[in-house]
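In order of appearance the chains are A, B, C and D, and numbering begins at 1 in each one.
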């Protein structure tokens, strides 16, 4: 394997780990501005994390080893995920390791474990949270896959690198299907990252919380890891959106200089993406849990439409 | 020569003997001994026929060919096992006070007499004597069915007598018509009722007369075979007679009646060169397969249940012979064999089961497996066998019949499928209830003779996995005879 | 048949035809008859006719064994069976069989229809009948069917049995006078069976009566699956 | 005597199984012999069979004619790639299950161990014969023997009448299906009633007949596989049976149905019409969705698994149908891809489903409970079972890097590259089917989280669970074997695909081995690397590296104590185990979303109840749509026919009379 790929991979991983909390902070900041509150500092997430890391772990009596292992597993899954998504380069050593479908599988793995962890202690809220998380999950996953299918039909491939290659460096073509896919993807990523209107990461109101309910029993470093993993997930999704729908500027040729440029472009894109997300969160209100199926159903439908549009307009049939 | 004489004489002599001493203690043993003697003689006769081919004996009045010799052997075998079974069974009945000594005597001698008539009917060459034997068989069995003298048994016997008597009368008319037709070819003294002669000249016989004759014979012997809608005597007779009698009724009498039909079919086919007889048998066969399947789910009496199942299988066999051809006829003969073996085995098991429960009502018999595993397994396996479950032999013949049917008579297969499905659902459901579950039955006063059950089931199992070559060619020859 | 044929038939044949006609007549008479005693007498008459016709056939086509069977008929059907039946009804005191299952006129109509069918069915057979007596087989068939009908319509045991025996007669008639006799063994066998059957029935009647204290077979309708 | 070929060895192994069974029933009072010698021996036979099949899979077909059977039709046996593959499946799974059963069987109520030993091994033998049979008769005999032996195993606890009912339903459906198969053989049979498969291969069935044969076969095998709407027996029979038997039925027996249909539609009927495939695909999809949805709302753990089996069978049929479609449009490469996915999933399902059933068996023994509402917190009592069950759960939820994911990945791949079929509609529909598969996979994940979470995690919902004990040694070995299988099948896809190559070549005349092997063992790229690629090895590897790394870093950098405290739960005071989600509760969202699918009856407490209780019963609507109507029709028929039987002798005489007259008139006219 070539060293460029290795280097790019490491760089990407590093950026992901560092930038993820900041992105999280950035979104909160934007939201605060939009709701004209005084904004928390950009690095707020880092402060929280370090605080948590320095605290003792309070572990429920009947918490099992699975409960304790879960945070590490979830964290590594998310790290891997953000390493797989081609953000800086399409020449990555991990890119053959997992294609779009495998990526979805990876997210699913993390979800299953966090849900199991939520059930482990056996409190009323924990299992409630897991139930809702799985509900959202099984609705979001197919929608996400359909989005991927659309783009992979365009690129005739499910490997992310190839997709980005095709979309970024082919002569410019307008794909109407991508519009639908993009909307669907946005809806899905809102749901997956526990954002308003599906969930509210800020709330601890028992009856509405989903993600928070699962991790109620976590504390100290475990909680820190999970929070970090959550922000990694957000980062990965944003990068994914960028890679699929705004892939311009991701270099294909193997030269380090291009990497720097790409990193800069990436930052700009992320900033914009974060702002858009904050905007959406501000403009919409949290919905009842049983409206969620309709919401995600719509996303699924849009993705299906995208595929049909592709099959009708963009292939010669 | 001498073998056949023995085959016929042994049961007759035993019958007379038992008519005198049938109430004594050794009667059951004498009964078995007589049957054993018959079986041995039949065995020798079979050897002889395999060795030397068809025999014509006693100035042509008797005649043994592959078709009837295997039925003779079968009859002798089932008769023997039944006599073994009836020994403890009748003891228990006697202990329960359902039978007096005099009745036992009647039972024993009539049983042997019945065997004798069966054998005569099978081995005779003269259609008239065939008829006489069948009639006599009816009379003896009427006495056997009425053995308990309960209202139910009298009713059953009466219906049996009237329906079969009338039926048999039609058969006589048919026989007369055949004679009438044959006499014009063979002349008066030419043995116009001897099957061999008729077979020789069958192509010259007058078609219209023979077709009419066949209608009468079919209705006549068909009544005895239990073809729908002539079957109504059968469940009653099976339910009310003593179980050994039910066993031989299902196992033997029906076969013999069917045998008579087949013999006549051969002549009619020869004379008509159309598929008239075959079509008749196909239609009635299908009807007979279909209708009892629906009765099965209604009946509450276990012996009636298996009576209906006998009707159904007779229908299947009739259908097979109706289709004709080497495969179907082979299957029909095989099915005759396995059916009479399996069904009699089932009746043995059922008889003991009913004695253990003190009733024949299905819902009151439960948990046989727990109380007496042998009876339970016997009943369960027997039922599965009769329902056409491999590796038992019944499946073998049903396999051939069904596959032939879908090749040549596809329209018939839905009917067969429905019938088999419904029958399976009904019978298996009921039997499962009897065999499984918490026991409601008491152990018996004499330990039951289950050897017969397992001999039969063992034979059926063997026939399902491996048909001995000589048996196979034997069937083939018979099938060729039937055409 | 056309007159020319009638002249062609010798006397014996004509007598047999006459017997056949009488058989049929008796068949109808029994069908319509209510009194059991008369029924038995009619049955006896039938037996007598049977005897006569058999005798004639035996004499015309000198077959010795037909003489035997004629004698057998005389003994069995004219003396033995009627005697047994008389005894039975005296012992069981069943004189009447008032209620038939259908009313008499209807039965008669059906009977006539049956005769038509029987003749029609038997026609081809009698066409190629070599014997001088053509129509007899048709008549025999008609008698069989009439007896059958009678069995269906009678609701008491004894008349039913008499009908059964009448059917036996008709068959015998067919056997002897239509086909000029079956082989001896067969006739013996048949006769024996009838005899034995009769005896068994005699035993039966008593059993039935003591179980159901009547010979009305409508008591015996319990066995069915519901 | 010809020299001892591979097929002879295979046959011998199968017969050894039978022999073991017979020994077991002969020495049925010697319990130690049965449990400590015979069953392990059976496991060894399983291994041997797997080894033989492995070595035979790319050999040339071998045939053998036994001296038993019909006079003109002795038993023909044949060992080719297809049968070898399924024999491999049988042997490998049986090895695990047998060794588990050795530790599992107990004396006590139900069928005696000796008899169970016989039935169990008869079951194995008959399945082996089903896979070997090369003529209609031998196949049917083996097939029905399989049904019978499994029926007696299912009803081994026949005291309970719901178990009797389950067994009855099972055998009824199995038998009716078998008649269907028989008739299909009848249709395909050679002109002169020759029922050998060779004759059927060569004999061209023309016109409507191939379709009839296919539909009959589909009916028969579908009934055995639990395809909609013939699935009803499955969720009854699997819970009723002892767990090793459920494992065997769900893991292997259902696959024999797949084998049969593959044999018929590719080998005997040569995959003629594309709509056969479409039909299969639709039925499979329906079953998969139905099974997935129903498994999420079950409250009995074995029922849950049974419905999930229906789902997996559905997926297998989807792949099967796709293969047929490609084959009928002469696209061997894609057909090979779909077929690989199908067979791969057969293998995977065999492993993880039997693993899960065996785990439920251990739970059952430890707690005497099948009801999810009464379990929980077993991870503390039975760690072995829990962690091994977790492997099965992840696998059956289709999560990387375990085996379930690989086959689903392959299946999705085969769906994504369907464009270019001559059928416009299919082109439109197939990608949507892919979406549906995604939904199904996600639902499976839901069901599995419910299963694992409710049974093993949380607090014990009953006091008696405190006495629960972990699985015994032999049981652990069995579980370990199967779990290892799940892992390896997930990690070494290329090996498996190369293994499957002869099979696909036999059936669709093309294979993936080249594309697969061109990237080395660690990278799976069925078509080409830039088309799609997946490397479970790297996947697992990186997680395995990352996790300890993170752990090490975190615990090294921040040395903090770890205190045990009562759970916080938003500061709610009294926490009891009754407050956790029950199985019903967990399934409630699904019930709500898919309410039209269910036939439910509920019982709500009113505010004034002194003993408030909530009951919600979810039933299979097919009973009410299909089966009860049929039963009603039959009942109607019986009533009509019973009217004919009046018990009056006059009526009976009338019947004969009318018959006679009618026949006479008919003959004359």
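FYI, contacts are C-beta pairs under 8 Å (C-beta built on N, C-alpha and C of every residue); 3 or more make two chains touch, one makes a residue touch a chain.
Bear in mind that the values here come from a model prediction, so they are computed numbers and not experimental data.
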- Without chain D present, chains still joined through touching come out as A | B, C
- Message: Mean of the CA atoms for each chain, then the mean for all of them together: which chain is nearest?
- Response: D
- Message: Which chain has its C-alpha centroid farthest away from the centroid of chain D?
- Response: C
- Query: From the C-alpha centre of chain B to that of chain D, how far is it in Å?
  - Reply: 44
- Item | Where chain B and chain C are represented by their mean Cα positions, the distance between them in whole Å | 31
- Rounded Å distance between chain C and chain D, as computed from the means of their C-alpha atoms: 70
- Message: Roughly how far is chain A from chain B, centre to centre by C-alpha average, rounded to an integer in Å?
- Response: 79
- Message: Please output the residue numbers of chain A that touch at least 2 other chains, ranges allowed.
- Response: none
- Can you tell me which residues of chain D touch two or more of the remaining chains? 642, 645, 649, 653, 660, 664, 667-668
- Task: Pull out every residue in chain B that's touching 2 or more other chains.
- Result: 158-159, 162, 166, 170, 212, 295, 298
- Note on the structure: The chain pairs that touch are A-D, B-C, B-D, C-D
- Task: Name, in rising order, each residue of chain D that touches chain B in their complex.
- Result: 67-71, 136-137, 140-141, 143-145, 148, 155, 158-159, 161, 164, 167-168, 171-172, 175-176, 179, 182-183, 185-187, 189, 193, 195, 634-635, 637-638, 641-642, 644-645, 649, 652-653, 655-656, 659-660, 663-664, 667-668
- Item | Complex contacts: residues of chain B adjacent to chain D | 158-159, 162-163, 166-167, 170, 211-212, 215-216, 218-219, 223, 229-230, 232-233, 280, 291, 294-295, 297-298, 327, 369, 384, 387, 389-391, 395-396, 399-400, 402-407, 413, 417, 420-422, 424-425, 428-429, 432-433, 436-438, 464-467, 469, 472, 476
- For chain C, which residues are in contact with chain B within the complex? 63, 121, 124-125, 128-130, 137, 140-141, 144, 148, 151, 157, 160, 164, 167-168, 171, 174-175, 178-180, 182-183, 185-186, 189-190, 192-193, 196-197, 200-201, 204, 207-208, 211-212, 217, 220, 222-223, 225-226
- Note on the structure: Interface with chain A, chain D side, in the complex: residues 376-377, 379-380, 390, 394, 397-400, 405, 409, 412-413, 416-417, 419, 424, 427-428, 431-432, 434-436, 438-439, 441-443, 445-446, 448-450, 452-454, 457-459, 523, 525, 529-535, 538-539, 542-543, 546-547, 549-551, 554-555, 557-558, 560-570, 572, 575, 577, 579-581, 585-586, 588-590, 592-593
- Message: Help me check something: in the complex, which residues belonging to chain A touch chain D?
- Response: 53-66, 69, 72-73, 75-77, 79-80, 83, 94, 96-99, 101-102, 104-106, 108-109, 111-112, 115-116, 119-128, 130-132, 134-135, 137-139, 141-142, 145-146, 149, 152-153, 156-159, 161-162, 204, 206, 216-217, 220-221, 225, 289-290, 293, 300, 303-304, 307-308, 311, 315, 317
